[in-house]
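Next, two complexes with subunit A in common: one pairs it with subunit B, the other with subunit C.
== the complex of A and B ==
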């Protein structure tokens, strides 16, 4: 079993290194195939491990080597495969495998084909370290590793020009990559502080040691640690107010959006909360804050998705919204439900993104859903896939999203937090509306795209590769019961109270009414083509939502620009006039004094002797003074 | 009564005379003389202090200095003769070949 752990972990690494060998050379299809097969091996190993953990119920704990050993600090490279991490491993490697195969088709015409696979596999490797590590230090390494890979992949088309925000709401990939990286740096600091607090008070970073020692800690320490860790989670999972980078990250290639910015990396924050659940269950205030913020983000992001016209950004907003749901569940103590929604969401959201990639591919990279329409005929399979994924996202019965999202909404009811419950129900309706608005605008109605575009379906093997995700998006919900017994061996169990049980039919019906209502509204408005409503589009609320509550502009005006101004001032006034001037002054002094002292070298021995005498007298004076002082 | 300080004062005076000679003179031969004057000033100080402490080491040192000064003059005068033969002068101002 130990070997399987290493295979699961290092197969993506080998794939990355192999692809990197060909990084500078033109497209080689076998690079993609080998990277994908290694990913599949990793998936197979993860699946076997999952089966092993499921049947035996015991975790596998391996220590590869000692990493840092200094004084009392002992950090090994250790890996823990238990119910939580094996779930994440399976989900990550499964989605990654599909995305890798998809990328062979999607990146077909890209001249940096090999480089792309190198980055993508490196990302999976980092993600595996993140989920498998048995200590906070390893988690942090993976955490930063996925951040770097995310930066590399968002900025994959770094050569694209930067366009001013006024001209084009989308921005250049390199700008988006930097934004994502910098925002995550801010959050990473919070995370690091959390880890330091834990080490300072416990003296170890191993999960088991830390969690065993929690009862000895004061509540203020626990609160500080939980809050600091959650700030880290907020950055990675793009929670308000650190959410702007996620939609801008859509500048990267679509497989990247599917894998990193929907299915895996952004869920790392949720994973952290679930992994560190002993800490969070002991800090009810912080947990409630997490739940409240998650609910807020769920609603807030869904509201922006209602009016957005960019295909990928709509899905990005829905990712944000679903992450909010997960945080709401985790914050309310229903860790296993959060994990279940995480897994289910990974399947249907990756599918949705890959479908969007197909559409983009067919439409020559057009992303405006107002300029699409009528693609149903040309892209039947993509239509089915995106329809299935949207049904799952909207939470229609039998689809995966229904079970997981409904459980979260019930949790909010069960906890007696009726405000959160009401917002989450409303958000479910909005989710249904915007997902089907997008589907209808893209696939139904008359065509609105230019005549020179000839939409075509994606390659066959790509469509086949997407099938597992589609199947899982449909059936994943049926495994909910089994999943519960599986992960609650490790996570605290969460059961609905008797009272909630009695009302369950009503509760489900309410959510369903909202979901179906949302779809029906979208159908009525958009199924027969786009009828633009000038009055609505010019209304204040519409503009507010379309401009993302002016938050990007706000950040630009009140953070980016002042920061640039301060930096400029610092550079010109402090750096140039003080720091540089000091250094230059020393150099100039030496240079000038040398220039002056050169005059001594007359070549006349008599003068030299005079200087020698002066030196001798000076030495004498120094000796006399030091003798006097002594 | 003539004490140690008298000797040292004489020594210091002679040393100063030698030093001024080194600083002011331009003729190399005169510089040599001035150096000899300074060496002998030091010798006087050595002998006086040695007597003061009843320790013969200082006087021994003076002898060494006399011996070494003699050999140094022998070598130095040889060099001066060569120099004079080559340039026809011993004036230092004419030898400024090491200008920086």
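== the complex of A and C ==
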């Protein structure tokens, strides 16, 4: 079994290194095939491990070697395969395998095909380190590793130039990549502080040691650690106010958006909360804050998705919103439900993004859904896939999202946090609306795209590769019970109270009314083509939403620009004019005084005698004063 | 080879003297050969070094002026061992990658003399010997900047010389005073650092002496507000000068704090934690912001050096093994990474004769190999885990957290603002379309450049994944030093602050 752990972990690494060998040469299809095969091997190993953990119920713990030790600190490279990590491993490698195969088709015409696979596999490797590590420092390796891969992949088309924000809200791929990296660094500092707090209070960073020692810690320490770790989670999972990078990250190739910015990396924050659940279980205030912020983000992101016209950005907002749901569940203590929604969401959201990729491929990279329409005929399979994914996202019964999202909403009710419950229900309606607004505007009605575009369906092997995700988006929900028994061996079980149980039919019905209502509204408005409503589009609220509440502009005006300005001032006004000028001033003073004093050297003996007399007098005065003082 | 340290010190100097008779055409090959032998010798030193022994090894002692207790006294421990290795390595790599052709023979001889002084500083165990090498190191660097530098080279080199020299003189006064007290207390003259260690000083003496030494070291580091000579020196120095300056010469200052200030004045050091930490935090944040404002890539790296030296300073005053070991590791990491970054800037300067970012853009598509290596060094510079840059920075911040959480958070912003200026450099130079015609035909790294940079890349990754071979000997010596400081400290505050590792409590 130990070998399987290493195979699951290192197969993507081998794939990445192999692809890197060809990184600077022209496209080689076999690079994609080998990278995908290695991913599949990693998936197979993860699946076997999952089965092993499922049947035996025991975790596998391996320690590869020592990493950093100094003072009393000892950090090993250790990997833990238990119920939680094996779930993540399986989901990550499954979605990654599909996305790798998909990319062989999608990146077909890209001259940097090989380089793309190198980065993509490197990302999976980092993600595996993140989920498999047995200590917080190892988690941080993966945390930063996925950050770098995300930076490389968002900025994959680095040669594009910067444009004005009005033309493209993300400015340029390289700009968006840097934004993502820097925002994640801000959160990374929070995470590091959390690690420091844990180390100085526990003396170790190993999960098992830390969790065993928690009862000995004071509540202020626990709160500080929980909050610091959550700040780390907020960055990776793009929670408000660190959310702007996620929509800008859509500048990356679409498979990247599907894998990194929907299914896996952005859920790392949720994973951290689930992994460290013993800490968060003991800090109810922080946990409630997490739930409240999650609920807010769910609504906040969904509101921006309502009016957006960019195919990928709508899905990105919906990802943000669903991450909010996951944090709401985790914050309320329903860790296993959060994990289940994480897995289900990974499947249907990746499917949705890949479908969007097909549409982009067909539409010559057009992203504006107002300029699409009527694609149903040309792209039947994509239509079905995106339809299925949207039904799952909207939470329509039998689809995966119904089970997972409904459970989160019920949890909010069960905990008696009715405000959160109401917001989550409302958001469910909004989710259904924007998802189907997108589907109808893209696939239904008359065509609105230019005549020179001839939409065509994606390659067949790509469509086949997407099938597993589609199947899982439909059936994943049926495994909810089994999943619960599996992961609650490790995670605290969360059951609905008797009272909630009685009301379950009513509660489900309420959510369904909102979901179906949302779809119905979208159908009425958009299924028969786009009727622009100028008045609505010019209203304040619409503009506010379309401009993301002006938050990116706010950041630019109040953070980015002042930072650059202050830096400039510090350099020119402080460093040059004060600090350095003082040093030069001292030097100049010495130089000048020497220059002036030189005038004494006249060569005239009587002058020298005069000076000697002055010196003698001065010495006498000094002697007199010192005699008086003594 | 009992005299390995003497050989390490004087071999480059003797070879440098012999260099005068070497033919001009073969001067480069000669220099590289000497530097390679010197590097192999230092590797040999490492392999025969007993990592379990935390004390001084390979000690040599020859009395020079017995009546004043001045002797040729040298030795090496875990703290200095790797700085010596880095000095010999960076000299070798710098020579291999050097593109200077003007007066190449003089350059080679100068570098070999410089190498002697660098190794000398880090092996010296006698204050006078230390001071001699410390000051002698200024001369070759003065010559390198002044003879091979840019348009402002005379101003820059004189500023460099006078500024650091002023600080050193104050340090010299401190040394003489220290010897005087030693004589007053024990009745014998001694300049041996190990003798000075044994002397327990009253707190007010410690403070005055700390301040005297501080000026010598702080200007060398350079600490804010004594840092302004550095951007000029880097801006004007040729690539090889910047590489050696950033990689090794700056470390003399931080090494001085570890070798002299901490063990000699433990109480004063503890009392000085807050002022030093404040200066270090200003260094970290302020110079990182100044770096962001720069237009010239080399200036960005120069200011970023100051910022990273701030992290090192902070770690030294963490007063626990995590912080101090991390700090010494960070000295090595900064040496390798900033050395490599200066070499990388040199590569583009050789091609375009400009270092202004506005002249570039889109280099990644023209020079992909160059972009990859620059990218790796960038990531090491911003402290990405599994690169050499993370280990030191992480340990320093972790260590200092115990002293002050608030100050650690402030210092920790270095991981954010460090990323801001480095990513800005990368975006402006490497990303975007190739707009400048002159950049369209640039050649990627040639064999010479690749051979000098790839070893550094390998070290960056190797020590990022497996720092143990280096970190363990450092940590052993640091733990022993902390035990010593704890025993020696006279005030209760100092005893409380100095944190002896559990694994060494009661031991050694």
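One rule holds in what follows: the second predicted complex is superposed on the first by the 569 of 630 C-alpha atoms of A that agree within 3 Å, B and C clash if a C-alpha of one lies under 4 Å from a C-alpha of the other, contacts with A are read in each partner's own complex, and residues count from 1 in each chain.
Convention: contacts are C-beta pairs under 8 Å (C-beta built on N, C-alpha and C of every residue); 3 or more make two chains touch, one makes a residue touch a chain.
Small disclaimer: the values here were computed from a predicted structure and weren't measured.
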Who does A:559 touch here: subunit B (first), subunit C (second), both, or neither?
-> neither
So, does A:606 touch the first partner subunit B, the second partner subunit C, both, or neither?
-> first
Chosen between subunit B and subunit C, the partner touching more subunit A residues is C
Given the touch rule stated above, what does A:141 touch, subunit B (first), subunit C (second), both, or neither?
-> second
Mind working out whether A:598 is in touch with subunit B, subunit C, both or neither, as first, second, both or neither?
-> first
Subunit B-touching residues of subunit A, taken from the complex the two chains share | 598, 600-606, 609-610, 613
The residues of subunit B that touch subunit A in their complex are 19, 22-23, 25-26, 31, 92-93, 95-100
Please name which positions on subunit A make contact with subunit C in the complex.
-> 23-24, 65-73, 137, 140-141, 144-145, 148, 155, 158-162, 172, 174-175, 178, 181-182, 185-186, 188-189, 192-193, 195-197, 199-200, 563-564, 566-568, 570-572, 574-575, 579-580, 582-583, 587
Once bound in the complex, which stretches of subunit C touch subunit A?
-> 159, 162-163, 224-225, 227-229, 286, 289-290, 292-294, 320-322, 325-326, 329, 362, 364-365, 368-369, 379, 382, 384-386, 390-391, 394-395, 397-399, 401-402, 405, 408-409, 412-413, 415-416, 419-420, 423-424, 427, 430-434, 465-468, 471-472, 474-475, 479, 501-503
